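Which chain is which? They are A, B, C and D, in the order written, and residues in each are numbered from 1.
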Amino acid sequence: MTTLLSLKNLTKRFGGLVAVDHVNFDVEAGAIVGLIGPNGAGKTTVFNLITGNYRPDEGDVIFDNQSIKTLPTHKIVSLGIARTFQTIRLFHKLAAIENVLAGCHCRMQSGSLAAMFRTPTQRREEHQALQTALKELEFVGLQSQADQLAENLSYGNQRLLEIARALATQPRFIILDEPAGGMNNQETAALIQTIRNIRDRGITVLLIEHDMSLVMEACEQLVVIENGAKIAEGDPQAIQSDPKVIEAYLGTDEE
Amino acid sequence: MKDKRLVIYAVISVVLLLSPLFLNAYWVDVLNNVGLYTILALSLNIILGHAGLFHMGHAAFYALGAYTTAIINTTYHIPILWLLPVSGLVAGLAALVVARPIIHLRGDYLLIVTIGFVEIVRIALVNNVFGITGGSNGIFGINRPILFGWKINKPWEFFYLIWGFAAVTIFLFNRLENSRFGRALNFLREDDVAAEGSGINTAHYKLIAFVIGAFWAGMVGNIFAAKMTIIAPESFNFWESVVLFMIVLLGGRGSIRGVILGAFLVLGLPEIFRQFATARMLIFGAFMVAMMIFRTEGILPPLPRKYPIAKMLGREGSA
Amino acid sequence: MELFIQQLTNGLAVGGIYALIALGYTMVYGVLKLINFAHGDLFTIGAYLGLTLLTTLGLTNYLGPFGVVIVLALMVMGLVAIVGAALERVAYRPLRQSHRLSAVVSALGASIFFQNAVMLIYGARYKVYPHDILPRTAIHIFGLDIPLIRLLMLLTSIVMMIGLYLFIQRTKIGTAIRAAAIDQGAAKLMGINVDRVIMIVFLIGPALGGAAGLMVGLYYGQINFTMGWLYGLKAFTAAILGGIGNIPGAMVGGLLLGVIEAMGAAYISIAWKDAIAFCVLIIILIVRPTGLLGERVAEKI
Amino acid sequence: MKKILFLALALCLMAGTAVAADTIKIGLMAPLTGAWASEGQDMQQIVELLADEINMAGGINGQKIEIVTEDDGGDPRTAALAAQRLSTQGLVAVIGTYGSAVTEASQGIYDEAGLIQVANGSTAIRLSEKGLNYFMRTCPRDDEQGLVAYKALKNGGYKSIAILHDNSSYAKGLADEAKTLLEKDGANIVFYDALTPKENDYSAILTKMKAANPDVVFFTGYYGEAGLLLRQKMEMNWNVPFLGGDATNNPDLVKIAGKEAAAGFMFLSPPVPQDLNSKEAMAFMTAYKKKYNAEPGSVWAVLSGDGLRVVAEAIKATGSTDQDKLVAYMKNDLDNFPGLTGQISFNDKGDRVGDLYRVYKVSADGKFMLQP
């Protein structure tokens, strides 16, 4: 197995607060890894550092043997890292299919001039993008709602739509930020299968989740952080019995 | 439903096309102004309507185009219509240079910077910058355009030039809207963090939106200069930018048909209200408020884009 | 040096008026995120109402100059506040749930309406305040002649601004305004009547604008129906310069804009002074994208 | 919505083409709205007053005249529309308008329509240098006034001169004319700059100007700004003489500045009716006061009245409404016609000829006194 993503001494400060404190961990290609920790531990900040939304103060992010810490977000996406957001950030006033087409964007070429003159290449590309988008919708089970406005979908389906949009960027690595947030048990169970299916397509998964049943069932490896620092790493069984993790959760989080 | 709409569009187009036959020169000229502002507002619509950038300085690009045409035409006597792309290019380049450092400003901060830009341009024109703008006198003696040997002179001749240009603009911009480019602008308007996170280079698209909008405004400036044969800084003041801003918002952000209707209303109503003499602008102001209250998202907001989803699902894999 | 100080006082006097109008922009913006383009016209209305009251009521027969000014100011502020509140009710409230640019068009329409209404009521000619209301003494400091009224004008602006600041910071209504500015939804849940807060904002902002209009009328004498557009634009610039939504920002922005204009005129070129002011504004915004005192909000992702 | 619009368009069209056959229609293009609305509304009042008088007296050769007024908004684009509108209504001539750039935008349209245009407040030199046959004006040109200004400043014996304009094409034109002549003569121009019109506080400009220490200030802009300059100058205790161009000729100047500050201000202007002892001028003043209970505003509005009067005179004398005959009459035969602003004759270019300018001085009680 090869290492796809590797965080080295990653550190981010907001004013006096150290949100992420010298975090190190590796993600193997083809794995499903969970990043867990109490609320406010800095999990989402780690994601934002990987995807270039924030710039690290120290340390480095290595993706596929290349440092990506200074790249803009859209470049990182085109290198093959896609993400979803903790607070759903869909394009609410646009149709589901268009949301997924946003993901196709970085795999397309044609610009404004090609659009105005509707070149054969442009038309072929549009057709292919639409096919990809429909396939991704089908993958998450939303094909029948392709022309609905994103804001009219149920909460769970909005989360799935975000996943479809991320998949449409044809990533090698996908970051899911609380994908089961707001889902019922049935939806969560289906989501676990979807996550496995994503991995089966050869896409490495890194996720944040509070729903422990999902984490334990889906993830093969867990990284635990508290107050910005990594406190444990290992397979789910080992983490469950780790005293430091138990203390962190019982001490600060009611869940 | 769709057919009915097409019929309405067709009827309106035909009526418009034939209107110079039954309208007098004055009303034809009103329609010429509506046409010019339709094109200008469509170009602003790319920036303001589709990309959602608060841009209240569009008259600056329009002015750059008009002055480019006027200066080159009066000094080197190059025919007007050859200068059409040149005017667009100058305005587009200006947009590239000006927009780059300010593109990251949010909402109202961008608004005031664009207002500042249009004012700086106007003041520079008034002060006869580089000695080529003629100061507040402006530039006069601009030639009339000649198209395939036909000298365009009378209002009805300009009517077909302007609305021909408008038709081309509508055609091209409609394609632009329904493309990867148009969608990208909408994505960054709705949520630029999510757009960037979906792999869209938002800064680049904002800039290109400015450049395309400015390019078109510059070309309209060219036609305006040829139509007026004299241009002066007062034709490009901040108020003109406000008028364009109102057209886009009143008609419906991001909606081509809305913007066209907006241009008809914002330019046409003050003419229709001429019978009220000095009260005409008062009534117009009240009308603006009323129309906005009754149609809060603009009179004709954009329709959702259509994708051949059903068709593709029907015979998937055959393409 | 003497010239510099003279120009500084010139700039501050103009800047004080910009600041007073800018407060109206910034307060409305703070709560509604709306650029009230009709605000400049409320300033005009204040100037014209002041003239009407002054010439019809004959206050000068009963009161000394400062008594006249104070009574007049209270009446004008009250009346313009009513106009402002009515404007909110008619033109802005129906648009509160829609896109915020929709309200901008409504504001522009209202601006056209007010400007032409003033023209139709008062005529298009310049109107002139009586000359003998205010004493025209000058005081001598540092070898300069500075008209007393100029200083008083600046002082009045600053007192009003500090008063407003204390009102916003120290009173219960002020707290409600601040709460509504941060999050209207949350403020509602906390039992704050947001409609009332907005109404109050639309009373205070226009009242200050009206007061500025009266000051301009009393001091400069000449008023015209288009003056609101120019002053409004300058004041809006000032509000942005200081960081819109921020009350001390409007004060700093206003005074600074006045000084930049005066200095630009004095040391570079009078004809280019507005362009110079806008250049300075753009440079400041490139360096500080949310204005001088505006908060830099890192967006939560 | 669009249907309603077209309906409205059509209705307006029908209203516009209903022609009353037996009247002589004369157009007036004036800024009824916008920044110059005060001038335009005054123009309308004066032209309507004079038209009523003509009609009361039985019209011209038995035919009544009818005034068709259009708003040009003081803006070139609106002016082009107003001109298009007027040129479709079977008019004989059009009076107006105010502002050279605005006039210029309408000139070509009238010329193509073969309509006579008699401008009243458009002094830019080039307007009559284009060889447009149907264009005339009752106002003098900038070069004429520039010459008068130069003479007045020279006769005053001023050595160092400050020139201030407002960047309008009129004021800048006058300032440039005067500056060129003065510099040729070796005068020292110590200050030359432009203020922004419609502001209220010019103290920064006055402070700067004072530091240049001129013997006299020549301000070529409009009365509104001139009044404020005088007022603020007095507040600064600066006693420099001020000379104004003809755009400062408006009684409101004294109102704005106050009598004390305005006293001693000198300006150049064609004579206003008050100062002409002609019976036409006096009758006009009486009639205006009677109808509108005020004195007419600027001389420009009065010049639009003269425009109507010369056109009426030409129709009467030629007995025709043929534009070519009328123009030929006005350019060649009309000689020293008694106008409201002095005697009127036109040259071949359509410019008013004659030594029109006078120097006025504001007296201590705020009256405009014609200087000998």
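What we mean here is this: a residue touches a chain if its C-beta (ideal position, glycine included) is under 8 Å from a C-beta of that chain, and two chains touch if they have at least 3 such contacts.
As the structure is a computational prediction, the values presented were derived from the model and not from experiment.
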Comparing C-D with B-C, the busier interface by C-beta pairs is B-C
Nearest to the mean of all protein Cα atoms is the Cα centre of chain B
In whole angstrom, what separates the CA-based centres of subunit B and subunit C? 33
Which integer distance in Å separates the CA centroid of subunit A from that of subunit D? 72
Taking each chain's centre as the mean position of its Cα atoms, how many Å separate subunit B from subunit D? 36
Tell me, which residues of subunit A touch at least two other chains? 53, 85
Subunit B residues touching 2+ other chains are 126-127, 193, 278, 281
Subunit C, residues touching no fewer than two other chains: 116, 119, 271, 274, 301
Using the touch definition from the top, list the residues of subunit B that touch subunit D in their complex. 12, 15, 22-30, 33, 126-127, 135-138, 140, 153-155, 228-230, 232, 234-235, 261, 264-265, 268, 271-272, 274-275, 277-278, 280-281, 299
Residues on subunit C engaged by subunit B in the complex (per definition of touch): 29, 35, 90-91, 94-95, 97-99, 101-106, 108-117, 119-120, 233, 236-237, 240, 244, 271-272, 274-275, 278-279, 281-282, 285-286, 289-291, 299, 301
Contacts from subunit B onto subunit C in the complex sit at residues 54, 101-102, 104-106, 108-109, 111-113, 115-117, 119-120, 123-124, 126-127, 193, 238, 242, 245-246, 249-250, 253, 278-279, 281-282, 284-289, 292-293, 296-298
Given the complex with subunit B, which residues does subunit D contribute to the contact? 1-2, 5-6, 8-9, 12-13, 15-17, 32-33, 37, 41, 69-71, 75-77, 80-81, 84-85, 87-88, 100-101, 104-105, 108, 112, 124, 126, 167-169, 172-173, 194
What does subunit C use to touch subunit D in their complex? 3, 6-7, 10-11, 13-14, 116, 119, 123-126, 128, 131, 136, 138, 145, 147, 216, 220-222, 224, 226-227, 230, 261-262, 265-266, 269-271, 273-274
